[in-house]
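Paired with chain B in one complex and with chain C in the other, chain A is shared by the two complexes that follow.
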Partner chain A sequence: MSAAPALPAAPARLDSGAMSGTRVAMLLLVPIALVNAVGFLWPVVNLLKMSFRESQATGALLDTYSLATWSAVLQDSFNLELITNSVGVSLFITLLTLLASYPIALYLHRSSGLWKTILLVLVIAPLLTSAVVRTYGWIAILSSRGLVANALMFFGMANPPRLMFNLTGVVIGLTEILMPYMILALLSGFGRLDPKFEEAALTLGATPMKTFWRVVVPLTLPGMALGCLLCFVLAISSFVTPKLLSGGRVFLLATEIYDQAIVTLNWPLAATLSMIVLVLFGIALVIYTRALRAIV
Partner chain B sequence: MDERPISPALKLLAGLMFVFLLAPLLVVVPISFSGDAYMAFPPSSWSVKWYGAIFADAKMTAAFSISLLLALVVTLLSLLLGLPAAYALVRLKPPGAEAIGSLFTAPLLLPTIVLGLAILLVFAPLGLLGTFQGLVIAHLIVTLPYAVRVLSTALATLPIPVEEAASTLGAPPLTVFFRVTLPMMRSGMISTAALCFLVSFDEVVLSLFMTGPRISTLPVAMYHHVEQQADPMVAALSVLLVVLTLVVVVVVDRTAGLAKTFVK
Partner chain C sequence: MIHTGPHEMSGLAQGEGFLSLRGLTRTYGTFTAVDNLTLDVPKGELVAFLGPSGCGKTTSLRMIAGLVPSSSGHIVVNGQDITAVPPYRRDMGLVFQSYALFPHMDVARNVAFGLEMRKVPKAEVEQRVRAAIAMVHLTGKENHRPAQMSGGQQQRVALARALVVQPSILLLDEPLSNLDAKLRDEMRNEIRDIQKRLGITAIFVTHDQMEALTICDKVVVMNHGRLEQMGTPLEIYEHPKTAFVAGFVGRINRMAGTAAGGLVPIGGIQIAAQGFHGPVEVMVRPHRLALTVGDVPAAAGHYALGGTVARTTFAGDILEYEVDAGGMRLTTEAATRGGETVLAPGTAVTLSWRPQDTYIYPAAP
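Presenting the complex of A and B:
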């Protein structure tokens, strides 16, 4: 009678031991899960709901849901232009960032020792500096009393071109802001670039130019693809630099989301534009995955 | 491994691009010592008056205190919330640990402009906008992913036999954690703290949505200042911020080792 209940009791206790491990884990995860639920999950679900929320002409929110905001956005020529402009500008900035970053990444890949460490620190240093500070630096360079304008006037140009409060300034500033990300992405992909391949090509009579285009570039395509994905995504969602360098004169998705949310207080529109940014992210990711499969 | 010699053309091109990359940081230093009333480069006279102007500006000093306090609170909470989570995910491996882990890092996938709007829409009706608590929660959403990630890596690379030895010798689990595991995680904790501090202290987009006339952080105050007038005071502030970042980096290097921290 004493042995009979003891037999099933043993596995039961083992079970409860395993359960308590999981239970302790759950307990340890409760606080962070709560913060995540309040500050992330709920807001994101609510944002999606908000994009379908109906509102009166006065802007007052109604408790009904429809596709009204979505269809309004997709039929309005200003918003459509906003989307295509943002995509176009972001693609152009991504291309410029790639062109400006590639020489640095290749140089870093080929250097070694302390010199390489120093250069790497110089690449990371801007990342540790606030975007506000770096954008301010660009204002100092591009504004009408800035470095470039003063240099051009010094060399005799009476009316230096306007480099700020327009798209030019936004493109220059964002390209520089995004360069560290591109350089690091390129470097992560340069591991495939074995100097032996280049030597082989050169030994077999290829010119340095041909070696670069036929050996170096193809081998570094995966790094380029990753860097381009990263920079496109960051460009289309960046806010501080475009806003400050354009002085509100260039309309892009991210700046419009902020204006609609804070200035105009059209929350359904801001939410819908945010969702469109996320859709564009998804499209970029799909293109990246396809491209990567084609390259590798 | 033998290296390819670097061609002069590549050297020149890389050098030019480095100048472009570092230009905005480099011009800030001379401008901060400008003696002019407005921003111009090169300045026509030199002084340190703009450094004095920072401390005379009540808005900036208040914003600085808020940012410092906020970054400290956020860092502390990130460690307090992140460490148990990392321990649970790495050591106790509950069912679905990987899915839970990716849920905790998911906020980093969203652009801050979208995340900021999402939090604004929920916090506005709750009266959390323009409050310190609201800022703390918003910042935690972007620091916790780093905290969980770095602490998990630190935990996963610890030598388990040391903990087992302590257990075998009769130490209860909590004693093992506080006397063995935690001291071994010292460098991981320092890196996490530094990372969370810098992320919170530099955060601007989320804060722009959360702040209001009553409360502002330093990056937001600087943003609004630049929006209205880009005078040399912002340059002086920028130099101070760069110095502060350097101090944090050097402290991490001295206590935890930079190589161990950022090169993983």
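Presenting the complex of A and C:
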């Protein structure tokens, strides 16, 4: 979480010009380092402190510190389930987003000219509206009197399946909301995918299916890794969509943190859960860099 | 004498080819990239598709490989029409201009790819990959990634990868154009050696006439999607059938004139042009023009034009003069032998050449 990566000292053989270059780089990094220290590092430190604070049952904070909240969280089966549930749901959403986005990204990568621009704008357009608006859009579609339910009833289904206020709704909504991010991440990682490689595979006797699995997929793994990291992080920290589409029936880390901080006013617990989310981010980042090193 | 007779196609009667193209055509909208291409490639020969960029040579190759569908016409290999066969069942080895080595695989896995697709047993794959890598002199580099290798080495890997599956036809798409001059000569000869040793039928697409003439058994000259002439390098160079072939393969002097009564008056002399009427182009290659100092009468049966040196270029191995003669500027060149005097511009000279070195074509409308 360090803001400014430490720059290695310039080797002795470099001339003074390079030395001053390093110094200029350091100097240029000072503003962003300051912003990060004040806007990110300081609040995180405060959050960490808060997670060790003791509180009364009423929620009133005491001035003493202990491991009470942490041990309570890590021993409470509800909280442990909350964590594993959140990770599981986020992974599932990430996978679904990847499957839904990959063909679109591949098609976009292969199209060109005006058509590509139009498609790209269509992909990015959802990002111009807030997730809240899009979530309400999904409510209109998924609710018990929504578009899907009405359509199913019109075609004779007496009891259409419940698509909202449960995990299904959260998964559907988040998958769609995360797709633009996934598509853009995939596209940025498709740089190595040249049609020449696919042609080479075809002439070497690989069927289109084999070509896809042996050439296209390996060459697009960096994009997939980036997209999955991004979507996992966004999914596990998303709050508005699960809150609105779960109807309080699905318990995820982000919504639970909100409840603890705003409703129950158990700030140490909210802080502890937040720190756990931060640890999960760190783990995801480590896995991502490991994976990237393995596939490139 | 005019060498535009039909004998250039000698030994290439229809249907004799291992690979035969029949009326192969590819159109993109109103643009015809390849126009009614019909030719036969005999078994075991290296045939060049030669032409300027955009002449349809690469499109033809890609149609043979199956990567571009043909608009009409047929591709026949060994008596079998493969026009509708997908590329992965065509059994052709293609070497790309940009090599197209799989960047996520090392050399050994790149070479093994085609064998794995053919479900060759593991032990055999290993042994054949080793042999193919040895053939292109890259033993010891099996575990290198393409990005770690030079252009020449990558080209060798591409060649090994295409050949290891023992394809029926080897297709080479401008394989040398991304290499520097010295490496190009080396790889050119190496490709020829390997092709001869394996006795494989191969097509070599190039825009470089030197490559086509020096290593290929036959040359197919293409222009605007059409076949201009097919023949041995000697036939193509000595007996170009069209003005385009004469101008594209080797250097040439062009003289415009109008034929009447079997003669073309050019620069004050009469050039025999049996059977031509109206505007024609008379062509002579620079090194077939003999240059003599002073005003010398023509030797018996030779054409001779008096003129003055306009420009002198000494290129070490070759001495080149541009001469103003008969209202035209003609180029002549001769190999230097040492000791000759380099003529100054303004020197009066005579250019002479033999009638059989004269090419005459109807002028383009």
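What we mean here is this: the second predicted complex is superposed on the first by the 254 of 296 C-alpha atoms of A that agree within 3 Å, B and C clash if a C-alpha of one lies under 4 Å from a C-alpha of the other, contacts with A are read in each partner's own complex, and residues count from 1 in each chain.
The rule we apply is simple: contacts are C-beta pairs under 8 Å (C-beta built on N, C-alpha and C of every residue); 3 or more make two chains touch, one makes a residue touch a chain.
Computed from a predicted model, the values in this text were never measured in an experiment.
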item	value
Touched partner set for A:Ile287, first chain B, second chain C, both or neither	neither
Contact breadth on chain A, by residue count: chain C or chain B	B
Touched partner set for A:Arg192, first chain B, second chain C, both or neither	second
Contacts of A:Ala68 with chain B and chain C, given as first, second, both or neither	neither
Contacts of A:Leu91 with chain B and chain C, given as first, second, both or neither	neither
Chain B versus chain C as contact partner of A:Leu152, first or second or both or neither	neither
Chain B versus chain C as contact partner of A:Phe239, first or second or both or neither	first
First, second, both or neither for A:Leu167, with chain B first and chain C second	neither
Overlap of chain C and chain B interfaces on chain A (superposed complexes)	199, 208
Residues on chain A engaged by chain B in the complex (per definition of touch)	21-22, 24-26, 28-29, 31-32, 35-36, 38-40, 42-44, 46-47, 50, 100-101, 103-104, 106-107, 110-112, 119, 122-126, 128-141, 143, 145-147, 150, 173, 176, 179-180, 195, 198-199, 208, 233-234, 236-240, 243-244, 254, 257-258, 261-262, 267, 270-271, 274, 277-278, 281
Touching residues (chain side chain A, partner chain C) in the complex	192, 194, 196-197, 199-208, 210-211, 214-215, 218-219, 295
Contacting residues of chain C [partner chain A, same complex]	65-67, 86-94, 96, 98, 100-104, 113-114, 117-118, 161-162, 165, 171
Residue numbers on chain B that touch chain A, as the complex places them	1-4, 6-7, 10-11, 13-14, 16-18, 20-28, 31, 38-42, 80-82, 84-85, 87-89, 92-95, 97, 100, 103-104, 106-107, 110-115, 117-122, 137-138, 140-141, 144, 148, 198, 202, 204-205, 208-209, 219, 222-223, 226-227, 230, 234-235, 238, 241-242, 245, 249, 262
